[in-house]
Each structure stands twice: as C-alpha cells, then as structure tokens.
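Take a look at the following structure, please.
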Amino acid sequence: MTPPIVHPTVNWLAISPEIALAAAGVFIVMLRSVLRRRPIVVPLCTVVAISGVVAAGAVQYRLWHLLRGHRAMTTIAGMVRVDPFGVFLGVVVLIATVMALLLSVAYLRREGLEAPEYFALILLSAAGMLVMTTANDLIVVFLALEVLSIPLYVLAAFDRRRLSSQEAGMKYFVLGAFSSAVFLYGVALTYGATGTTSLTGIARFLANTTLLDQGTLLGGIALLLVGLGFKVAAVPFHMWTPDVYQGSPTPVTSFMSAATKAAGFAALIRIFGVAFPLYRSDWRPAVWALAVLSLVVGNVAAVIQTDVKRILAYSSIGHAGFILIGFQANTSRGREAALLYLFVYAFMTIGAFAVITIAARRGDDHHSLDDYRGLALERPVVGGLLIFFVLAQAGVPFTGGFVAKLEVFSAAAQAHEYALLIIGVLASVVGAFYYLRIALTMLSARPDDAPEPGGLLRRVDPWSGIVLVACVALVVVVGVVPGTFVHWARDATFLL
Amino acid sequence: MIGAFTITSSYYLVLAAALFGIGAVGLLVRRNVLVMFMCVELMLNAVNLTFVAFAKALNDAAGQVLVFFTLVVAAAEVAVGLAIIVAIFRRRRAATADDLRSLEG
Amino acid sequence: MTVALFFIFGALTLGAALGVVLARNPVHSALFLVLTLVSVAVLFLLQDAQLVAAVQIIVYAGAIVVLFLFVIMLLGVDRPEQRTEPLRFQRPIALGLGAIVLAEILFLAGHRWATGAKTVHGVGLTGGHFGSNIERVARVLFTDFLWPFQITAVLLVIAVVGSVVLARRSGERPDPVPQDGGIP
Amino acid sequence: MTDFPILTAIIATPLIGAVVVALLPGRRPELVRAVGYAFSVATLGLACWLLADFSTKKVFFQFVENRPWLPSIGSRYIVGVDGISLFMILATALLIPIGLLASQRYPTQRPKAFTAWFLLLEFSLMGIFLSLDLIVFFLFWEILLVPMYFLIQGWGHGRRQYAATKFFIYTAAGSSLMLASTLILGFIHQSQTGVLSFDYRVLAAWSWHGLSSTTEVLLFFGFLAAFAIKVPLVPLHTWLPDVHTEAPTAGSVVLAGVILKMGAYGLLRFSLELFPHASVDLAPLLLTLGVIGILYGAIVAAMQKNLKRIIAYSSVAHMGFVIVGVFSLTVIGLDGAVFTMLSHPLTTGALFLLVGMLYERRHTYEIAEYGGIWRSAPLLTALFLGAMFAGIGLPGFSGFIGEFLSLAGTFVSRRPWAVAGVVGVIFAAVYMLWAFQRTFMGKPTGINLKLPDVNLREVMVVAPLLALSLFLGLYPKLAIERVEPSLKRTIVNLELKTHFREKRPKGYAPTKLPDGVTASQSIQLGRGAP
Amino acid sequence: MNARDVLGLVGIVALLPLIGAAFLMAFGRRLGSPRAGWVATGLMALAFAWSVVQLAALLSLPPDARSHVSIIFTWLPADQLHVNIGFLADPLSITWCLLVTGVGTLIHLYAIGYMRDDPNTGRFFAYFNLFAASMLILVLASSYLLTFLGWEGVGLCSYLLIAFWYERSTAALGGKKAFIYNRVGDIGFLIAMFLLIAQFGTLDYGATGHAALHASGGITTAIALLLFLGCTGKSAQIPLFPWLPDAMEGPTPVSALIHAATMVTAGVFLICRAHPFFDASHSAMTVVAWIGAITALVAGTMAVLQPDIKRVLAYSTISQLGYMFLALGTGAYAAAVFFVLMHAFYKACLFLGAGSVIHGNGENQDMRVMGALRRFMPYTAGAMVVAWLAIAGAPPFDGFWAKDGVLEAAYVRHDFGIWAVGIVAAVMTALYMTRLILLTFFGNARWGTSDAPAVAAVSGGSDDDDVVASEDVEAELGYEPDYLPTVVYGEPPRTPRLHGHEPHESPMLMVLPIVTLAVLSIVGGIIDIPLRGGTHLDAWLEPVFRGAPITESFAGAAALSATALAFGAVGILVAFLFYRRGLPSPADDPLQERLGVVGDVIGHGYYYDEAISKAVDGPVRGFATFLDRDVDQRVIDGAVNGTGHLVRRAAEGLRHAQDGLVRRYAIGIALGAAALLLFFLAYAGR
C-alpha cells in the first residue's frame, strides 16, 4: 500500500570534505580510547588531524575546479548545495583550521593541556562549519550551527587551570544556547510562513506567492538575523565576544575569530541571498543598522582596552561590521568583497593571534598591554610581525587588509550606500588608533623591573613559524597583487 | 456552542510564543545557571510546539521531523552545558551566573 | 473536548513554565519543568503528533530532566536562590523586553500564522497512504531529512566527547602553574 | 632607452633599498648607511635623468606606464609625470639623501631601521607624486603614514608617541574621506558610462559634465578633507607643530619639505581637474582660508618659544601662499604655488636641518636656552641667516619668486585677498628675525659660549639647499618653463569646463594652449594622444 | 668699442662689489683687517672708475639717445609676465652710480681706519660691498622687480650692518626694527607691482612708463601712492621713520653710507624712476609733497634736543629727506636729485666727522660731555664746520643751492603752504646743526670734569627695556667693547671713557675722506647753479624727466633765497644764544629747560615711537597671545583632542556596559532581537 521509501541519492564527492573532517575527529577519539595515555597518542592525533584537514582541502580543491564557472552540485534531497561560494568559504575554514591546529601543537605542550580530544573537537567543529558553508536548508544551518558551536564551548573552557577559560566557556555556552533557541524560533516561523525549510524552496515559494500576511515570515527573518548576528559577533549580539576571546586558549580564539566568522557569514549570505532576495528592501536596512553599530561599537570600544586579546576581540566586532557592509550591499560586488575580506581576515587575525600565542608566557594569562611593552624592541621579528598584522587589520596599504577594505567600500559606493561608506571609513580611522596603540606599546621601552616580554619565548617552534610565514606571505601578496585573489572571490559570488 | 468554537493552530502558536517569552525572561532574571538552562529548554519546547502546530496547519509531516532535531540539540546542549557547570563547580563553589565576572570591560 | 484539553494543558504549560522561572529552589524548577514538558506532550497529542509526544516524554522528561536533577544533587546547589535581584533594572528590562517581544511576535503574525505552502514534502499528517504517524515521520526523516539526521549523529559524538573532556577530573595531571587568584 | 620604465624605477629603487637595508646585519651601521646613501643617491640620479629627459614642449603626461593592478574595481597602476609632479619628485629625491646625511650622527640608535623607514618614506612619496590612478594614488598616500609614524615614534623626542599617533589619526581621518569620495566618484562614473575606471584622466574628462553640482561640491569637500589636513589649512593645522616638535630632524625636513606639499599637489592635480565647478565656486573660501593661514600662521609663530614650532607655524603661513596661488586660478598664481612648493622644501628644509644641528649640540629647542650663538658658531649662524632670509622671501632667493607669483596671480583675479596676503610678508620678517635675534644675537653665556661650529658634513647638508634656493631665485625659468605647460593646461581645462572665463576680470587674456593641442585633447588630459 | 657697447657692460658696476662681497664672505676672516678693507675699497674704487667710464659713454651720445637697456637673461617668465635681469643705463641711474660708488669709496676708505681693531672686519666689508652691489642693482635695474631685488638687498645689508655688533641688544633690535619698518613699506611696493602686472602685464620701466600715459587716473594714483608707501619706509618718511634713529646703533661708516648718503635716497630714486605715474596724478604728488614737508619740519624739531651726536644727524637726515620728497612732490625732480647729491656730500661728511669725534673721544657720542674739541681734532672740526654751513644753507656751500632749488620749486608751483613749512624747517635745521657744532667743538670742555655719576646707566633702544650697564658688558665679554649704544633723550649724561687721555684726532685714513667730502660740500653745488648755463644737472637729467612739469625760472628767485637765508640765520642765532658757552653742566641743557614740556615732547620724538612700542607690546601682543593660547591651543587643538576624548568617553560607556555579567549580555541579545522585530513591525513589508 504505502509507497516504498526512496532514499535520496548521495553525491559523495560533495560531502567528502565534511566526512573527512568528521572521520578524522572520530578516528582520534577512537585512537584515544585504544591507545589510552601512551606518549605516541598526541603526535599521532596531530598527524591524523592535519591529514584530515589536508584531505578535506584536497577535495575542496577538486570541487573548486569542478564547479568554477557558476556550476553547483545539489545532493541529499537538496539539503547540500556545493557551489564555488561554499567551497571558497570552506577553504577559508580549512585554512583557519589547519593553522589553528599548527599553533596548538606547541601551545598545548607548553600549557600542559595535551589531549587528543582537543584535536577531535576542532575537527568536528570545522566539519560543522563546512556543513554550514554548503547548507541549503535552514535546519541544516541550525544543526551545523550547533555542531560548530558545541565543540567551541568545550574548547573555550578547555584550559581547566584557568577559571577565565571556564568562565569563557560558560558565557559562550549560555549565550550561544539562548541565541540558537532564538534562531530556531526564527526557523520555525519561517517554516510556518513558507511551508518549507529549504532555502531554494523558500525562494521558490516566495517568488510564486504573494503573501498577504507577511508577519510570520518577517518575524522569522528578524530572528534568523539575531541568531546569525550572534555567530558573526555583530552588535548588539556581540557582548560575548570580548570575554570569550580573552578567556579562551589563544589558538582556540584564533580558530573562532577566523573560522566561525567565515561560517557565520556563509550562512548569513546564503540564507539572505538565496531565500530572501525579494525581501531585500526589508532586511537591508536592518543589516545596515547592524553594520553601523558593529563598526562604531567595535572600533570605539577597543580604544581604551588594555588587554591585547580583548582589543583584537573588539576589532573582530569591527571587522564583522566591515564584512556586513559588503553583505548589506547585496550585490555580486558586495559578496565578492565580503568573501575576500573573510579570506584576508583569516590570515590577519590568525597571524596576530599566532604571535600572541607565542609571546604569551606560560599560563596564557598575561595579555595586558604592559606585558607587551618593549616586545618589538627586544624581539624585533616577533614584535614586528604583530605590528604588521595589526597594521594590516587597520587597513594599511600594500596589505591584504587594505584591499579587503577597499573592496568592501567600493561595494558600498556602488550600492549608493554613502552614509555607510563614510561611517565605514571613519570607523577604520578610529580602528587605526588602537592598532597603533598596540604597536606603540611594543615599541616603547620596558621599565627595567618589568618581566621580559615574551617570557619563556626563546625560539619560535617550527609549526607556529609556518603559520606566521604563511600569514605574512598571504597578507602581503593579497595586498600587492590582489588580482588573482579578487578573481577567486568573484568566481565564488555566484549563489543561485 | 463549544463545537462552534474550534481551536485553530493559532492558539497553539500564541501559546508557544508565550512559552518562549517566559523562557527568555526566565533566562534573563534567574541567576542559577541550571535554572537558566532549564529556561533554554522552555524556549526550545516552545519552538517544538510551534513546529508541531505548523505541521498540523500545513498538513506536513516535516514539521514533526524538525522536532526530533530540536530534541537532539537540546540533549547535546544540556550534556555539554552541565559538564561545563560541573567543571566550574569543581573550582569554585558557586553556581550563579553573576559570580563569573572575571572577564569584563 | 479538544478545546477543554487545550485550555487545561495550555494553562498548565504556562503555569508550570512560570513555576520554573519563579521557583527559588532549582529542584522545584526542575520538577516544574517536568510538568511543562508533559503538558506540552499532551498538546502534541492534540495536534496529531503522537510519536513526537512520546519522544518528548521519554527523552525530555525521562532523560534530560533527570540529568538536571542529577547535577543539582551532585553539586549540592539545591539551596534556594535569593529573591532580591542584585542587578539594577535587570528584572524590569527583562520583563519589558519579554512583553515587547511577545507582543511583536503576536502582532507580526497577525491573523494568519501559517501562510506557507501545504505538504511541501509530499507527506501530510493525514491523507495519502503513508500509514501511521510514526511511518509518516520516518518517511520524511529518512528521505528529505537524511542529511540533518546524519549530522545529529556527529552532534551526539560531540556531546559525548565534550562532556567527557570537561567533566574529567582535573586532578589527572598536576597543575604546572599556580592557579588563578580567583575572583573577588 | 625610451622603453625604460624610469618612473617605476624611481618608485622601486627606494623600496628595494629599504628591503636590502632591512636584510643587512644590524651590527654594521656603516654598511647600512652606505647602502642607504647608495639607493637614495641612485634615486636622485634617476630623478635628474628624468629632469634631463623631460620635454618642456609636451603639455600632457610623459613617460606614462599603464598596467593592471586591481581589475575588480578597474584600478590600474598608471604612472606619469608632468610639470607639476616633476619638481616634487626632484625635491623628494634631493631631501632624502640629505636627510640621511643629516642623521648620520644623531639620532644614534637603530640606524638600520631608521634608514629602511626613510627609504620607504621616499618610496611612498614617489608613488604619490607619480600615480595617475586615484586608487593607487590613495594607496601610496596612505602608506606614507606608516614610515612617517615609525620615524616619529622611534626617533622623535619627548612626547613622540602623542605626536606620532596624532599625525597618523589626523591625516588618516582626512584621507578616509578622500577614499570615500574617490569610490563614489568612480562608481557614479560607472553607473553613467558603464566603465569602471579610476584613471584620473578618464574621470577628469567626464566629471565636469557628469556630476550634479551638489555632488561635485560634496566630493570636492571629501578630497579637500585629505588635502587640507596635509597642507595644512587653518584650522586643521594643529597636528603640524606637535609633530614637528617631536619628530627627528630628518623627519621634519621631509615632513615640511615634501609631505605638506602633498596636499597642495592634490588640490592642483585632482581637485581642479576633477571638480572644476566646485573649485571655481569655492575659490573664495579657499582663498580666505589660505590668507588666514598666511596671517594666522605668522602671528602664532611669533608667539612660540620653541624653534621648531616657529618653523612649523611658518610652514603653515608658507603653505597659505601656495593655497592662495592655486585658488587664484590664474597661470601666474599657479606658477607661484608650484614654485613655492619647490622652494619651500629648500628653505624650510635648511632651517630644520640647522635647528637640528643646534639640537644635537644643546638637546633643546627652547629659544630661551640659546642666545649669542653667533660668537661661538659663526658659520652655523651664517647658514642660518641665509636660510632665514631665503625663508622670509628675500628677492634673489627662490621663496620670493613663489610668493610674488602667488600673490601677483591672486591680485590679477581677486584683489582683496592678495592685499590681505601681502601683509603676511611683514609678519614673516617679524617672527623669523625675532627668533634669530633671541637665538643668535645678544651676549652668549655659559655653554652657548663654547658651542662647536658646524663641521664639513653639516655644511654639505645645508649648503646645497641654500645654493639651489639662490639659483632658483635667480633663474626660476628652469622650473617655470617645465611647469607652465601643465599649469596652462589646468587653467585652460578649467576655463573650458566651467563658464569661468566670463567671470574673469576685464582684460584678463584667456589662457592659450601651445600650438597643436586641441581643446578636446586638453580635457582628455592627452589620453590616447601621442 | 662704441659707447653702446660700453653701456652694455654697465652691469659690471654692480658686479664688482658683488664679487667683493662673495670673496670676503668666503675669505674675509682669513684676510683680516685691514686687508679685507683694502680689497673692498679697491673694488669700490674700480666700480667708481667704471661708472665714470659709463658717464663718459653716455655723454658721448646725443641727449635723447642716452638710455640703454642691456638684458642679461630672462629672469621670470610666468604666463604673460616676462621679467628680465637687465640693466638700464641712463643719466638718472648713472648719477646714482657715481654717487654710490664715489661716496661709497670714500666711506669704505674711512671704514678701514674706523674698523681697524674690530675682530670681524672681513664680515663688515663683505656686508659693505654687498650693500653697494645691491644699491647699484637697485639703481641700474631695468624693471621694478629687479629694483625690488636691490631694494630688499639694501634692506638686508642695512639689517646686517645695524646689527653688526649683535651682542648688544640695542643693535640687534635696531636692525630688526629697520628691516620690519622697511617691510611695511615694501607692501606698498609689492602691491604696486601687482597692480602693474594686473593692468599692464609688465614690470619693465620703459613699457610701464609708456603705459602710464594712457592709464586711468585712479590707477596711476594708486600705483604712485603705493610706490610712495615703499619710499616712506626706505627713506624714513612719516609714518615709517622711527627706524632710522635706532639705525645709529650700527658702526658709524654704516650710518654715513647707508643711513645718510645712499640707501635712504632709494625712495627718491624710485619716485624719479616711476615719475610718469606721479606726473599723471596730481593728488599723489600733493601727498608726496606734504608728507615730505611735514617730515622735514617734524623731524627737524625732533633733532633739536637730542643729546647724541649721531641721533641728531639721524633726525637731520629724515628732515633732509623730507625736503627731497617735498621737491619730488612739486615735480622738481632734478632739484630733488641735486639735493640728494649735495646732501650725500655734507651729510656723509658730518657722519664721518661724528665718527671721528666718537673715535677720538673714547667712543663717546654724548654731546653733553664733549665741548671744545676743535683744539684736539682740528681737521675734523674744520670739515664739520664746512658741512654745518652747507646744511644750514649758507651760500655758497652746496646746501644753499640745493635747498634754494627745492623751495623755489615749491613756490613757483604756488604751493605756498609747502614752501612756508620748508622755510620753517630750515630754521630747525640751522638750529640743531649749530647746537651740534657748538656743543661738540666749542664752548666749555665737559669731558674731563663730568658731574655725571661714576657708573652711568646706559639704557638701550627705545623699545627695549633691558638695561645694560657698560661695566656689565665689559665684565660679560671679558674685554672692553669699543662701542656703546646711542644716547637717547632723557638719559643721564655718560661718563667719558678717556681713562685720563685727551681726545685726539683720528688717523689720516679717516681724516682724508672727511676733508674730501668737506671740499665737495663747498664746491659740489657747481653742477647745478640756478644761473644761466649753470644748470648742468637739470640738462643732464632732462631726457629722463621728459614729460614732467617744467619748473619755469622765476624772477623773484633772489628774494626767495634771501628769505630762506634770513630764516636760516634766525636758527643759527637762537642756537648761539643758548649754546655759545657750551653747557653749564652736562646735565643742564638751557634750551631744554626753556622749552619745558615742549622740549620733552620733541625730545621724545612726539612719543610716536613709544606709542607704537606700547601698541605692539600691548594690544598687538595681546592679540597674538590670544590667538596662540586661546584660539590655537584651546579652541582648535582642543576640538581635535576633544574628539579624541569624546571617543574615549564613549568607549568608557561601552566598557561600563560590558560588565562581565552574562545575563546582561543576554539582555543585549534580547534587546537586539526586540529592536529588529520592532523594525520589521514598523517598517518592513510596507
């Protein structure tokens, strides 16, 4: 009687990056349980983790070449949509992941936190992010949100010796749960308003139907914006950011700042670009307000901060504002700008956090500006790199930061968002102030009785070295010859 | 008389919205982290009720399927959240949210 | 009948939810939570969601709340909470915001909430030859929602790993540096 | 030989130099210095070659190079030189080696980083003056802040952190508005013509009829924000004294010598061509600000107790002459403006160098600490006298030619402003002579009795500047005949684009282009022309 | 080589001292005294010789062809404006060349002796030569702009030479004052040039001269008056005269050359050069004439009670320059030029004589402690008596002819008021000059038996309040300086610093020029005696001033001369009445006592300078301080830093909100959600 259940076809290639990461994560957990506490387990897990990321990256590379030129793969009942947009941000996520892993190696050893679960959680979180980048259904977005967030709650609280770490985990968790409940309610309202949770389904429905009662849908859109705004740390959903960035172990912070933002914006851009393009005149002003608030609050609040990690946290709020400018434009140029920004930002922020990871003394607790006083004088290379990264974040020319900001601003100019453009450029000036403050502190002489900056730092471990070199190289190359990268970002802007 | 008065899905949806509101307010006003988690559960339940009501209204089984995902997420969140509380509690004998404010500014 | 049930259990749901929020003792809150969940399960039943109602009681009331109670007992935090709110304006703002959000949702939704297309996934709650509620749900879950279903597996792995990592005794390894000064 | 990308070479040489210096071992300061000199002198050589190859006949840009840079927004690496930029290039190329030479003994710490930043400074300045693409121009404009910031921060005096930050933020604030205006301009152009380009020549050929007058004025102010701060125009000048006071000597020399000119250069090159109507309509405002700058700078300079602050305020006054000259909107006035831009680096550069030498001896800029230096350091005094009178604008020195032409041009078009500006000529004498009197005259006491006089190196640092100033004061034709075709083109374009010619005073002869150049070519700024 | 070729090389006149200046700047210190002086003097003599050659060359041409422009190179080609470095040789410029090089050579010679012991002789002569070069460029220039170059050049040298003894604050201040007053005048010159550019598009003397004929009255008047403003600065006329008395702080040869004989006559030269504009504007002429007349009178009265020998001469110079402008204003250009030449002779003689007196009198320049010096310095005394008679207008000395010509011109033009003022001013001239001669060379000898306090406080220039005691100066320097500030009115008499020696005559090197100039004062008038066939100068200059109003010869000239003589005699008589026995004591001046308050007023120069100083020190400085402190630092910079503070304050607020409480953060999220919902409620969907 009943028709048989027809399972959806699965395009394994399309989901293999996620599978690679998740499999590596699960494999690590298995290794942990099999090998128990043997010394080999941590290096082995590191290798497995990195191999997983590399494998995922290889698949992404293949997918990129397959899909470039406005092609997309839809699979598993339309829940997964692999397109250049998703692949691009997936690559950003993977880059952030591998760099965070590399940074973690020496960090965990120094802090005595070596545990295979750490790698597993990062991989699983990254898997969630990859799911997010290719999600074509609100419920997938929601689940991906949880998959990427829950490991982050744990990772934030991973340093059991520091109460601040646990506090960060706690705060992140409470607020994350709250915001994901709000997001889920948004999903529910949208479902009710359109009868589906599929992004393309919503778009199709809205294109064919004129809603007389738009209330449920608009409420849903608003609440979706809240949930994703929380993830990308847009004001006023940003307040967790400084505390969590400061309290979390620094490599985790770097992972969070780069990868979570990429994933969050992937969902934001895809949901609003694919599902609600017809409602752009409704949500664009709202995003405009979020962008302005993020720009102003992020950059202004950072001015008087005294903790370097906190400054960078506020700056990441400001950066969210800049990316929101590109998103708000809702044009191909705007998306291109946002994508390029996320790409560059990953290197700039991970580079900065890499230096902080290296320079922090054991305990990962000394990040006040006073602890960094004289760093650039006494360790010119390490200190100089941090100066370089903060200047890049400030948007100094010949760095990727400048090109990214330029692209974002041009998107605003093209979209005739002049007020946003001017607020953006002025915010970047305010931003320059606190970036310079970091630079200034590191360049001013340390009082004789103060402890040596950089603490135990004698030699940069090779893994962190690789990360630093890669970040510097990419930021400079994007800044000087941006053509190729902009081209990639442009290829990735295609959504439907 | 009663027969003329039917309960449409809107009633359930309003009820769910109210429940969501109670959960949200509870999260804001309670200091005990465990109770805050319970409030999150209230909110998630409100969403579940919404899903089910919409499933009914739209005659769509998918709405009920979504509840399962919510359930799983709720379970996972509670597991991790309670673990965090336990971990913190081992360090400090305090379970109110207001006690954790070493990170500020 | 359904009207009466709705109002009884609707009121019970809201009342119990208020109980969760208002009870000073977390144990009481947890018990009120059970009551809420059960009431919601009844409301599920009223909406042709038999499977969901069952799962609601089994998983939520059976597992999650027990977990809550377990932790409350483990940590011994069943002391009643202070009534006074130390944060200025927290309560009025919270209540105000709650009221505003509620009003906004209700107003936004207006008369018709469910404006969406009917039976998009091809399987309705009634009609068609899809069998019982369980079958219908399963049909959708394992076809259209296969991918999310798989993701939940990862989510549960994460929950396990995460809880284990966090709840592991920190005494496993001696702390190499002195602990934080604590919070004043 | 014509294919040699000389402009790129001029931009790249200092950059390569900076990189090479950065890679040298820090323990060998003499090697670092030698490499620094080598690269800066090589740049100077290239600049001189450029001067020699520069044709006085051509009206448009010469040695143009055009390569793609950022295709997504149509920005290209376009460099070219005309009369306006030629001498800015030369001034930069000259001041950099002199700055390096002046810094040989002092500041002493970290010569390697100092040299590298200094060469980077040169790199950015060359880029600014040669770029014809607005985005690339902005790129160089903004990167300049970085080396300057680090030079002030690392080798400045007392409140250097405050000064460095103030410099960076203040000027970045202005230039951010310029960036916004640039982008808006480019995208309005795109929306009208479908072509996305930031080639200044393309935009200049379009903007005069493509923009509504309100938009044009607003965009003009956007650019003005950046330029006015750099110039600096009163009341946007207060960063300058602070920065000068704290900056190391070489930094001050380049700051006063070239960086201030960036603003005037921008007005001349970009504002007049891109926003002709706004330039004409707002000329009275700018003239007023310029005159206020002349008078205000001079009066406030007279009240300063710190030598560097005096010279800083004097720069405000001198740049007022430049602004007045530019917005006289006459060829003579523009001649004067450009000539002042060329002359001011020489005279003020010399003054800053000499004050720096005093600082090396006494470690203070406070006038009250000095007195009667003439007796112990007659040669230093003689050089200072020369530089001072060159700065005051004594005929025979280059400063006079610039001020004279600026004011003469202004007088031709707008008399009251010129008359008010002339009064500044008195004030210049007042504050400089007063400072000179208090520093060098009178009876020396204490340590001032035994100050060592300048040595050969120090003479070598200052003398070329004074000699050049004297030479240009007596033979300004060298510069003017190279500059004037470009300025004529600017004015002709202004007259063609606006109905400005009708507003000229009676008897003002319309400016003529050289033979063989058509009006349309002129408006196109020679793009596509041979 | 024909005459025009020679005239083409007129630039060499200026080039010679320029070479000297450059050479001495480089090697002057090594050369030392007196060799540096000889180099400078030699070059000046050569320049004089070359000027004479130029004169001969000009004379060899017919009168109408006596003008030659030699262009060296293009100086300033800006748009339509085209200015050359070019020299104009014509009777006017060559006259001045002869004056500058001739008198200049003599004063150079004198300076060799005067500056013999100064350690900075090389520098001195470098400036001196540079001055001569600038002055020659000024007069030889073929365009306003090049004249302006020379004009500023002489101003520079004037500054440097007044402040030559820079360690003395009065000298430094005097130099600065001179330069700044001149700059004020320069504004006029500059604007006049702008007007020329705007109107005629050229700055060339020839072209503007032609254009002036066709220009409107307003323009010519404006140009003429603006140029005249420049002249009042350079030639120390009302209102810009106060710098000249303070310029006496320079070494005496400087005062003689620059502040008496040559530089201050640049204003006269400029008006002669620009005469077409003045010819075309009657009102401008009237202004010039009246300013000149009033200056002549007022400055004459100021000189009457001055105690300092050089300051008397300085005021006298102002007064005499007033006469010249009076002449110019009445259109008597040739008379003015004649006056310039004659004045150069006797005033240079007087200054050099004064220098000699100071030199031989222990560096004392306070006439109140002189007296009866004729016995000790006979040559100086003799020469100065001659010059006195000349300046007082006694026939047949040159001053008589000069003044006569000027006053006659005023009378003929029916400017009787001006004539009358001129006559009264002549009384003053006679009075103060007679007083000077009597106090210095006659009467009682007061230099040995001073009742002045042992330590005389020497106060500085009028606008300087720091008091320098001579002993302090010595103690400070470790040696006794051979110079002291000038004596201002109201200052107690100084102690002569003869240290037991008697006053002595100066060496021959100094006496020779004095005597030469005295002789010239006697016979110089020969070049332009208003008798038939005697007006050589008028004839010589006629081609230059062609087109200017002609001064008819006048039958009553003799009567006018007699009147002037009579008035002059009155002045001399009054002076004899009061000073024939010198002073009862250095502190008592009988005339001063008789004049009472009026004496104080004129002694203080009508408090004009004091008033300006007060204004500058009070409101002007106050305004500048207000701009600096309040406007610049508080308002403008305050706004800048205020913006920073605002951002900071906002950041503090945000930091306050970020209070670490997770529930507050949740409120933030809820607030955002409520706001977004509200937005969609209120705005969206419509």
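The first chain written gets the first letter, and so on, giving A, B, C, D and E; residue counts start at 1 in each chain.
Note that in this section a contact is a pair of C-beta atoms (placed from the backbone, for glycine too) under 8 Å apart; a residue touches a chain by one contact, two chains touch by 3 or more.
Keep in mind the model is a prediction, meaning the values are calculated, not measured.
Using the contact threshold fixed earlier, the set of chains in contact with both chain D and chain E is A. Steps from chain A to chain E, taking the shortest chain of touch contacts, total 1. Nearest to the global CA centroid, when each chain is reduced to the mean of its CA atoms, is chain D.
At the far end from chain A, in terms of centres built from Cα atoms, lies E.
With centres defined as mean CA coordinates, chain E is found 96 Å away from chain B.
Distance between chain centres (mean CA atoms), chain B to chain C: 4 Å.
Separating the centre of chain A from that of chain C, both taken as means of CA atoms, is a distance of 28 Å.
In chain C, the residues that touch at least two other chains are 87, 90, 93-94, 97-98, 101, 104-105, 107-109, 111-114, 116-121, 130, 139, 144-145, 148, 152, 155, 158-159, 162, 164-166, 170, 180, 182-183.
Each of the following residues of chain B touches two or more other chains: 13, 20, 23-24, 27-29, 31, 37, 53-54, 57-58, 60, 62, 69, 73, 76-77, 80, 83-85, 87, 91-92, 97-98, 100-105. With touch defined as above, residues shared between interfaces to two or more other chains in chain A number as follows: 139, 143, 146, 150, 153-154, 157, 160, 163-164, 169-171, 174, 178, 182, 189, 191-192, 195-196, 214-215, 218-219, 242-243, 305, 433.
Every pair of chains in contact is given here: A-B, A-C, A-D, A-E, B-C, B-E, C-E, D-E. If you check the complex, the residues on chain E that touch chain B are 655, 658-663, 666-667, 670. If you check the complex, the residues on chain A that touch chain D are 333, 336, 391, 396-398, 402-403, 406-407, 409-410, 412-414, 418, 421-422, 425-426, 428-429, 432-433, 436-437, 439-440, 443-444, 481-483, 486-487, 490. Contact residues on chain B toward chain E in their complex (touch as defined above): 24, 27-29, 31, 97-98, 100-105.
Against chain C, in their complex, chain B makes its touches with residues 2, 5-7, 9-15, 17-26, 28-32, 34-35, 37-39, 41-42, 45, 48-49, 52-62, 64-65, 67-69, 71-80, 82-87, 89-92, 95-96, 98-102.
Those residues of chain A that touch chain C in the shared complex are 1-3, 5-8, 15, 22, 25-26, 29, 76-80, 112, 115, 117-118, 120-121, 124, 127-128, 131, 137, 139-140, 143-144, 146-147, 150-151, 153-154, 157-158, 160-164, 169, 189, 191-196, 201, 205, 209, 211-219, 362-363, 365.
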